[in-house]
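Scrolling down, you'll hit the structures one after another.
Shared between the two complexes below is subunit A, which pairs with subunit B and subunit C, respectively.
Now for the complex of A and B:
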């Protein structure tokens, strides 16, 4: 029964990891920007939600709307005022990475200073577990997480496959030069990628604040998992990122079955490490070792 | 006051060793490691364990710490041989997180969160370095040796091969360079040298715990290299001086609560990294593109 419980927990966590990772993968695939501050987006959205919903009692629709706006603004501003100027002068991977990393460090400490470094969580009737079978506890959030993650993923696939902006986004990841030739503006499309990618962290951030809780360092953790899922899944493959996120969530929880819970994070990195050394292109990716 | 300055100067020396060794792989080999604090920690733990249970001889501690750290560097060299850029950063980050888990959970060896306390002062040929001024001298000599050795290495044919690999791996390969061997050796050198800083740190403070070897520390070392100027001789030294002095300067600002100094410090260098990348990507001591 413990095993079933762990798998259910794993799927719930994994669905949220998958969603965050898809956001990162979307941005990285389309713009080639290693958006290290994606974890900061997650933290911003989670803390804005916490503040509006649990501290100011504004009700969930307004809180979710406000934290979506905040996170999209953050992503787009970062693209416009940090990444674009850097890429104009010196487009090397390293410069962009360092800047993004710097932003993540600033945000993490800002949140720590404003909200404190301890654990906080949003209490909600949805996160109360119900005993569905002897010894098996499931909270409504588990179902919500899985349904929302699946819905977002399907919606994203439809968007990328059916709409003009979606197709332009995919085109940008293939060849920015060709996008320009066709009279589209790569800058506008990349803004769109940032808006969309950042938006995808909102459901995960809100649900995480209700289930496992938040602390100031959560951005870093989320970032690590998103990167790990993107690489394990194969860069450029959203399907891969989603599957890998799910896999990491389940693996992390199954680890508790045999090891102390402190080691569950280590499991993620053993998986990542194995993939990097043995199969750098991931599940579905193309080879990118150069 | 003198003791205060000596303390800062000693920490600057230790941080400078870390920055110089990190700059060696970042600036010349193009390996952007976010796991430098791991080797710092390994050096410190090896020295502390030896001092507590076996010998207080500094030279023996150095030899062992460098060997262990160097061997462990294979864990970093392995992904470095397979992938570059973003992927390697991710791998090194993973390694760092893993190492912190080991440092805090392997309680019988590392003392867990409580760390190792009461590390006896180090000795060379029976002379114990108890006086802080003497220890400062020791740290300064160590720093000078590391800088000198690294500089010599960078200017040798090995260093030129390294830069060739950084700029174009396939071109270096085409010229018959053994890319895998050169990369592995450079990571080995950097990690082994980094361990000396760990040994000095453990012997100096006589107390270590996992807090000093976390991802925050790795970030700080990377910030030192970047702020100072990556791939330059003086850059990491300048970066180490500035970022070590930063918390000391911040304590003089009366409106800052003491508990927030760590955060403010990180915010300052985070912001410095962002602004530098936008306006001066080569760092404070950076050379213009093309001159290098």
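Now for the complex of A and C:
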């Protein structure tokens, strides 16, 4: 039963990892910007939700809507007023990365100053596990995480495959010059990528605030998982990032089955290292979307 | 004849030397606390107590000049701690440094020993801290005494014999594991499983599954800061209903305010907050007034550490000696016992205080004392 329990836990965690990683991969794939502040987007979303839902008791629809707006505004503002000016003045890939890293550090400290640096969590009946079979405990958040992750991924695939802006996003990742030739504005499409990528962290951030809880430094871990999942899944592949996120979550939990729990964190790096050595292109190579 | 320019330089030099003399009687001590990162809660807690002690010493004009503290952020990381210690010793030229966390304290102890700077720990509880040399003092009983107080209570008084340990893999966690392994069997208990976690881990649902699988009577948590709150919440959320127990790391407001932690047991040194002892009474009242928090053992320890400096520095001054690490150490040995929060405390030969312990239960406030254990 322990094995089944760990697989269920792993799928829940992996679904959230997958969502976060897909957001990062979408932004990176479309804009080629190493958006290190993606972890900060996660933290902003989680803390805004915590403040509105747990402190101001505004109810979850308003809280989720507000944290979605906040995180989209953050992503878009960062693109428009930090990344674009750097790129305009011929800033290198590395310069943009450093700027993004700096923003992430600033946001972490701002959150620490405003909310404190200790642990906080949103109390919810949804995170309390119930025994569904002897020795098998499942919380409603597990089902919610899996369903929302699947729904978001399907919706994203439809958006990218069937809408003009989605097709433009995929085109931008292949050739910005071609996008311009067709009379489209790469900056506007880039803004859309940031909005969409940032929005994808919201479900994971909200559910994490209920299950694992938050601290000001949570963005760093989110970025670590996002980067690992993007590389393991194949840079630019959303399907790959989703699958890799799921793989990392399940592997992390399954490691606890036979090894000391200490190894569960190392599993992420072992998988990453294995892929870099044996299959550098990741699960699905460099395809924007399937 | 001196030119106007030379006169100006001379006047400025005299002014600087005058200002230097005026501030020569002021005292500055150092403090290496976690002020950012996941353990910043502790730094905040410690600072409330040290600032109170400084204000009390300055009000009483216990020293010739004004006392102040140079704070450095360790983030509870040994490497940052060493950088901070070097700055305090070489730039600030302090002779007395407050330290926290086992890893950080061990890391700075060599610099303390080499530079003859007194380092005083009031928060780290790893038993190794008793072996860091004559310039390293502990104003807190160490974890081995905490475990030796808790184990008999769990096994003999509560009948909780099967223990699972969830510990962070650092010197503190390892020492608690060793102590549980040696102290439980003679009492009729057993350490059924010991699950180590890295200090930066945040996901514990898998560990909760392992804990349930081991079917313990009690789960002993040896972590600190934000992580221990995460462990408690995730254990409870994932169906672990057994009694929780820990060491003095639980004596922070974040745990007191965590609904999932209610009923958890933890050890601290014995302090009667209702005592009529004047030092304890003043600290208890003014700490609450100033910080709007209930007093904790950690706060008392750091208040005591600053008060101890005041007593020793004052005695050194009266003896007409400079306030150096060597002289502070000699005075501590000479005086022997000190009136501090919690009563009259004395140091053992290894520079560590030993006191009676108490077992507390998390009740949403300052904690309910459920057992008092005499000093070993």
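Following the convention adopted for this analysis, the second predicted complex is superposed on the first by the 280 of 290 C-alpha atoms of A that agree within 3 Å, B and C clash if a C-alpha of one lies under 4 Å from a C-alpha of the other, contacts with A are read in each partner's own complex, and residues count from 1 in each chain.
We adopt the following convention: contacts are C-beta pairs under 8 Å (C-beta built on N, C-alpha and C of every residue); 3 or more make two chains touch, one makes a residue touch a chain.
Source: prediction; values computed, not measured.
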Subunit C versus subunit B on the shared subunit A, clash or fit after superposition: clash
First (subunit B), second (subunit C), both or neither touched by A:112: both
First, second, both or neither for A:128, with subunit B first and subunit C second: second
Partner chain(s) touched by A:256 [first = subunit B, second = subunit C, both, neither]: second
Touching partner for A:82 - first (subunit B), second (subunit C), both, neither: first
First, second, both or neither for A:155, with subunit B first and subunit C second: neither
Partner chain(s) touched by A:265 [first = subunit B, second = subunit C, both, neither]: both
First (subunit B), second (subunit C), both or neither touched by A:228: first
Partner chain(s) touched by A:211 [first = subunit B, second = subunit C, both, neither]: second
Which of subunit B and subunit C A:139 touches, first, second, both or neither: second
Listed stretches 62-70, 188-196 or 206-214 of subunit B, narrowed to the one that overlaps subunit C: 206-214
Set intersection of subunit A contacts, subunit C complex versus subunit B complex: 109, 112, 260, 262, 265
Residue numbers on subunit C that touch subunit A, as the complex places them: 36-41, 44, 169, 195-198, 200-207, 209-210, 212-213, 225-227, 229-230, 233-234, 237-239, 254, 258-259
Subunit B-touching residues of subunit A, taken from the complex the two chains share: 34, 82, 85-86, 89-90, 92-99, 101-106, 108-110, 112-113, 220, 224, 227-228, 231, 260, 262-263, 265-266, 268-270, 272-273, 276-277, 280, 288-290
Contact footprint of subunit A on subunit B as seen in their complex: 32, 78-79, 82-87, 89-91, 93-95, 97-98, 101, 104-105, 169-170, 215, 219, 222, 226, 230, 260, 263-264, 266-267, 269-274, 276-278, 281, 289
Complex contact set, residues of subunit A against subunit C: 1-2, 5-6, 9-10, 12-13, 109, 112, 116-119, 121, 123, 127-129, 131, 135, 137, 139, 211-213, 215-218, 221, 252-253, 255-256, 260-262, 264-265
